[in-house]
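Mind looking over this structure? Questions follow.
First chain written, first letter: the chains are A, B, C and D, and each begins at residue 1.
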Amino acid sequence: MVSIKLSENKINQIKDICKSFNNEKGELINVLHKTQSTLGYLPAEVQEVVARELNTSTAHVYGVVTFYSFFTMIPKGEFPISICMGTACYVRGAEKVLDEFKRELKITVGETTADGKFSLSCLRCVGACGLAPVVMVGDKVYGRVAPDGIKEILNDYK
Amino acid sequence: MSKVKSLEDLKKLREEMESKLVERNNSSNLVQIKVAMATCGIASGAKDLMEFLIDELDKRNIEAVVTQTGCMGYCYAEPTIEVTLPNKAPIVFGYVNLKKGDEIIEKYIKNNELVDGIIPVNYESIEK
Amino acid sequence: MEMIKLTIDNKVVEAEKGTTVLKAARKIGIEIPTLCYFELKGMNIENKPGGCRICVVEIAGRKNLAPACATEVMEGMVVHTHNIRVLNARRTVLELMLSDHPTDCLVCAKAGNCELQSMAQQLGVREIPYQGEQSTYRKDTSPSIIRDVDKCIMCRRCEMMCNDIQTVGALSAVNRGFTSVVAPAFEMNLEKSPCTYCGQCVSVCPTGALTEVDHTRYIINALADPTKTVVVQTAPAVRVALGEEFGMEPGQIVTGKMAAALRQLGFKYVFDTDFAADLTIMEEGTELLGRLSKHLAGDTTVKLPILTSCCPGWVNFFEHNFSDMLDIPSTAKSPQQMFGAIAKSYFADKIGVDRKNMVVVSIMPCLAKKYECQRDEFKKDGNPDVDFSLSTRELAHLIKQSNIDFNTLEDEDFDHPLGESTGASVIFGATGGVIEAACRTAYEVFTGKKLDKVDFTELRGLENIRQATIDFDGLPINIGIAHGLGNARKLLEDVRAGKSKFHAIEIMACPGGCIGGGGQPYHHGDIEILKKRSEAIYQEDAGKPIRKSHENPDIIKLYEEFLGKPCGAVSHHLLHTHYFDKSEEVIIND
Amino acid sequence: MAKIKKHLLVCGGTSCNALQNEVIASNLKETIREKGLNEEVQVMMTGCFGLCEKGPIVKVLHDNTIYIGVKPEDLKEIVEEHIINGNKVTRLLLDSDPNLKVHSKKQLRIALRNCGFIDPENINEYFACDGYLALGKVLESKDPQKTIDIIKKSGLRGRGGGGFPTGLKWEITSKSQADQKYVVCNADEGDPGAFMDRSILEGDPHSVIEAMAIAGYAIGATKGLVYIRAEYPLAIERLKTAINQSREFGFLGTDIMGSGFDFDIELRYGAGAFVCGEETALIHSMEGNRGEPTFKPPFPSVSGYLGKPTNVNNVETFANIPVIINKGAEWFAAIGTEKSKGTKVFALAGKINNVGLIEVPMGITLREIIYEIGGGIKDGKKFKAVQTGGPSGGCLTEVHLDTPIDYDNLIAAGSMMGSGGMIVMDEDDCMVSIAKYYLDFTVEESCGKCTPCRIGNKRLYEILEKITLGKGTLEDLDKLKNLSHVIKDTSLCGLGQTSPNPVLSTLENFWDEYIEHVTVKKCRSNQCKALMQYIIDPEQCVGCTACARNCPVNAITGERKLAHLINQDICIKCGACMEKCKFNAISIK
């Protein structure tokens, strides 16, 4: 027997989201978007509930979650940091910026700092190539970021 | 808002809107400003700039319409704004931070004196 | 049908519109190699993702190569299946596949039966020029199936079987790109997934990524242990397939050779699961008639239809998916478990052996049986009624290991008393067989009349879902039959919705029934093999002197000496079971 | 009231002769002062005019006069004749150059016509720009085939990358019989470094909505779906606003403009999978599945979303439609080259001065784009290559600078149009590393369904990595070639069929660089860390210890006031020492 360990409140939230899409299997990706934006991430238990509500297999839900880079099963940091790895940013030194973040936060891409404050990820182009290299912290965009400027960025959140 | 029921309705609507714009352009003292508010613009501070311009023009008793618009294409020079003084051709300014915004109001809008950061429009639009 | 004319390797061929290049080529004797492509013709089972790219061919006018398995023929098409461009591409694709595949072929369970290995042989690959990182995953061992997905080549056959055909939903492609693989949700163990252990994924896997848990070593040890009395039972579908492992034509009946081989292997008593199948009919048939009579008498608490319960994959399926209907299936244990229960009580007493010193081994066409015999409710003080379940393939290995030349063995008989069986029990091995056997007995018991004709041919066949109405002397009995769990789901959903008109439904998890079980010799997608096994089953039935379960003399004796009457107190205790809710449960955890 | 009445603008673009511009500006100011006009005439340096070959440029703002090729000795004449007397100096006029007259401005905005011009959240401004007029005309014509014929005649080809003729696609879908059809807008712009579609949706969402409705009418669909990247929140917001406004005015919904035609649009979100730009993958994603492509045929125009005929076009393609209807197929077909009509929007980025969104007529040359519109290479570096078509495209070099850009020429040059990313690279970019970067992207984004793309691209990446680490051999170059060709030849979808292009085009155009990497283990751009060494010149080093103090791994030793030494075994080649050295004693070997 598979048991799902989630608070009733969360289960109801997920159920409501599924219901708002008529519990339709074809709306899986929309449901996952909404659920992730509500709960922050998509842990296994959440996927189990979604699968049940949409009358599909958990394996299918997991298959979809792991296919799309936007979905995450790990909670992101309070301030998620995303480094744009679009070509424009790449040729203007995004890799060095990323290396500096890794060194400064002592985590690698896909990880969250022990205090839960920062997480690090790479993005495809955010379309702000004029500002390359670009870093996003939460919804805020930092343009023309240089490796020696990242301490300053992090200080905004400390 | 009533639905547009035919092509004739639509043509009337267009004329109405066009004449409003013409009216605006012919106004003797109305300053028109467009702020490029696409993602790069906003990321570079266009939102703050727009608020600043609205507040400051109001404070300084300059009759102006400040509207948002999409990408003008000058990503390297964001934020960018286009300023149209009464009876004059529009001018695009790039790298407009708040300080530059203030300068544009004081020098160009008030005094017709150009400031640095002008971007010549380098494209043709289709004739309407 | 509109015909299309095309040229393949300079030969003109006419093919039906909608046919693929692959099939059109086959018509003129051109075998384009395939890997991911899989078909069980006539059963609506086809895997055509066009993913492996082994079957690429050159089509004039097209800028890139096309997969023959997925490309439809077009008028005037000019196809080359083995020019230098195609051969280089095909070989390179295979080399790439091998560069991400372990090379432990010598000790791989699939060696000799591996389609990837055969392909490497066929294309003459002697080295792997492209070396690099290999994707590695955790090995997962469940009671029945081992997943070693380092060997997965992403042909997606298992995924297709598990989802499209069986609707089990235990497997899905997960991750993306180089790390993509077929796995259960969260890449957790199969044991924690809704897997039914039907083994259909194993039966279609081209490589050693999915194999059965091998118990042969335990058997060898038990046979060598002088303190143990080792008893073996063999399921009906094994005898019509085992011969294939020794080079015989599909459909060859090897009952006698098998009994001889088992005896030579050292089994003290060589019995037949068919005996227990007859017993199952006695119990299940009685239960059916009981429910039917009550229903006819107007008892609304009685639920119909009754569902057969001899297939453990099917039992797992409804415990996971239809846990709201656990009171519908027959409570009769499967033949394997009935055999174990009787062997370790009635028979053990008879020969004066303590059950702890008796080892019951079953030879099954099935992988779910491995799981079934480990279920707690089939144990007494921790000692299982059936100790080990071997697949047909494992038995073949065991025979080969023991230097037995199977082909030259003289036929032998089963031992008594648990070796006596009827034609009714043999047909358990094919879809529709259980319900036909039940009808033969139920009809005579219910009507008190002798059947003129014991063959209910209307219940036979390979159509996905079949239905027939049997005339019980004026009382029409509606029978439903499904094989393949996806078909079963359809029937069950009707039952749940109250739309089912059936009195009894037979369900087998595997397409074709046990003859197509997950433990059978690999058929590699050849439907003819399944058809021949099925024919052999009915041939064996027809040749039996007794063809109705209730006429089995040893069964009659068993009731007289031990059980009393079908569905009586002793039967209830030994031969009936109950089912568990295995659907997900929500534990609220604040 | 302002005293200043007239303005003279001098081009200050860095690619024109910057020094000359300075001279012109200061001389002009001097001349104005001499004439006592400095109170009412202002001289300004501005950004690039995009006429770099014709510089220096002086523009008289009040009557919109542009002078080209202005020399210091011309200034007096301009001021005296034009500013004071009001007579233009005809010999210097831009119009006097007949070649420039047609394309006095290199850019022509069709798809971007309203971007940066109207308020995208105000439908009234769209009305003023002929908004929904094309839809009105199409509906009034009561002839879907006529609309298809116009699009066919215009020569419009898909702007998403493939370049399939749009009108033909519409026609096939219109001829597929079904009870329901769909119009899908592909807004899953995924090329790294491309943001054309985002800009259109953010700047002019109504034109896409209008075009989708037109397509719906033409092919017989009543439902439209926009598949848009979830990473584009602003575009999503503006599109939603526009859809609602459009519904309010009755351009979406039932009985549109009294024609009896029903059409509405829903949004579907992408979730970060580049392969979903491929139309079959996109459709599977919209159906709630993994975005894995399937073999074509059947094409979506026959069996697409939910098995129904589906017409998929990208954002930019749609943005062209209303203009074509309004101005006619002939007008559109007159722009561009023989086989590629109209304009193309490019996201110009990388090592270029004027990073931005540009729209140019097909047939323009790379040189015009880079040096005239883009204002040349940043920091005066040397141009090396331009990458078009993103991970599916290739690198073009100096020899391609004068090739007219259209679908077919780009393919012939080993690249492709793609969706419109255009990344400029300079002498500091290592082309092996660039190829590796794109393969890294492909490996990351491959769906994993077919063998050549799943494993082949990984092996390509590994070989490239081996080369950048200095461990490559000549044999590896052969492997790269064979593997690239097989991957292109055998992959299931467009992603794999084009993913080796960055490798093949760099092999073709920068063979020397590859050879250098594998034979003499040298990276001429100093990008491959494993192939370079930081060296302290003992002659230059004064022993200030700045380098040693800043070395993160303590690889530098040396006594104070004595020459220092870098231990190459420890050095991680971060370059911190070189940055800190005030005596230029550290160099890369």
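Note that a residue touches a chain if its C-beta (ideal position, glycine included) is under 8 Å from a C-beta of that chain, and two chains touch if they have at least 3 such contacts.
Computed from a predicted model, the values in this text were never measured in an experiment.
Annotation of subunit A and subunit D: jointly contacted by B, C, touch as defined at the top. In terms of the stated touch criterion, the partners common to subunit B and subunit C are A, D, listed by label.
Interface comparison, C-D against A-B: more C-beta pairs in contact at C-D. Taking the mean of each chain's C-alpha atoms, the chain closest to the overall C-alpha centroid is A. Each chain gets a centre from the mean of its Cα atoms; the one farthest from the centre of subunit D is C.
Subunit C and subunit D have centres, each the mean of its CA atoms, that are 56 Å apart. Subunit A and subunit B have Cα centroids lying 36 Å from one another. Inter-chain spacing, taken between the CA centroids of subunit B and subunit D, is 25 Å. Between the Cα centres of subunit A and subunit C there is a gap of 43 Å. Touching of two or more other chains is recorded for residues 60, 63, 67, 69, 126-130 of subunit A. Shown for subunit B are the residues that touch two or more other chains, namely 39-40, 42, 74-77. Residues of subunit D in contact with two or more other chains: 195, 198-199, 232, 273, 290, 349, 355-356, 447. Under the touch rule stated earlier, the contacting chain pairs are A-B, A-C, A-D, B-D, C-D. Only residues 1, 3-7, 9-11, 13-14, 17-18, 20-21, 34, 36-40, 42, 67-77, 82, 89, 91, 94, 110-126, 128 of subunit B touch subunit D when the two sit together in their complex. Within the complex formed with subunit A, the subunit B residues making contact are 39-40, 42-44, 74-78.
Note for the complex: subunit D touches subunit A at residues 189-195, 198-199, 230-233, 268-274, 285-291, 306, 347, 349-351, 355-356, 387, 390, 421, 423, 425, 429, 434, 437-438, 441, 447, 552.
Those residues of subunit D that touch subunit B in the complex are listed here as 2-5, 7, 9, 11, 42, 44-50, 59, 61, 64, 104-110, 112-122, 124-125, 127-133, 136-137, 139-140, 195, 198-200, 202-204, 232, 234-235, 248-251, 257-258, 323, 327, 349, 353-359, 373. Residues of subunit A that touch subunit B in their complex: 126-131, 134, 141, 143.
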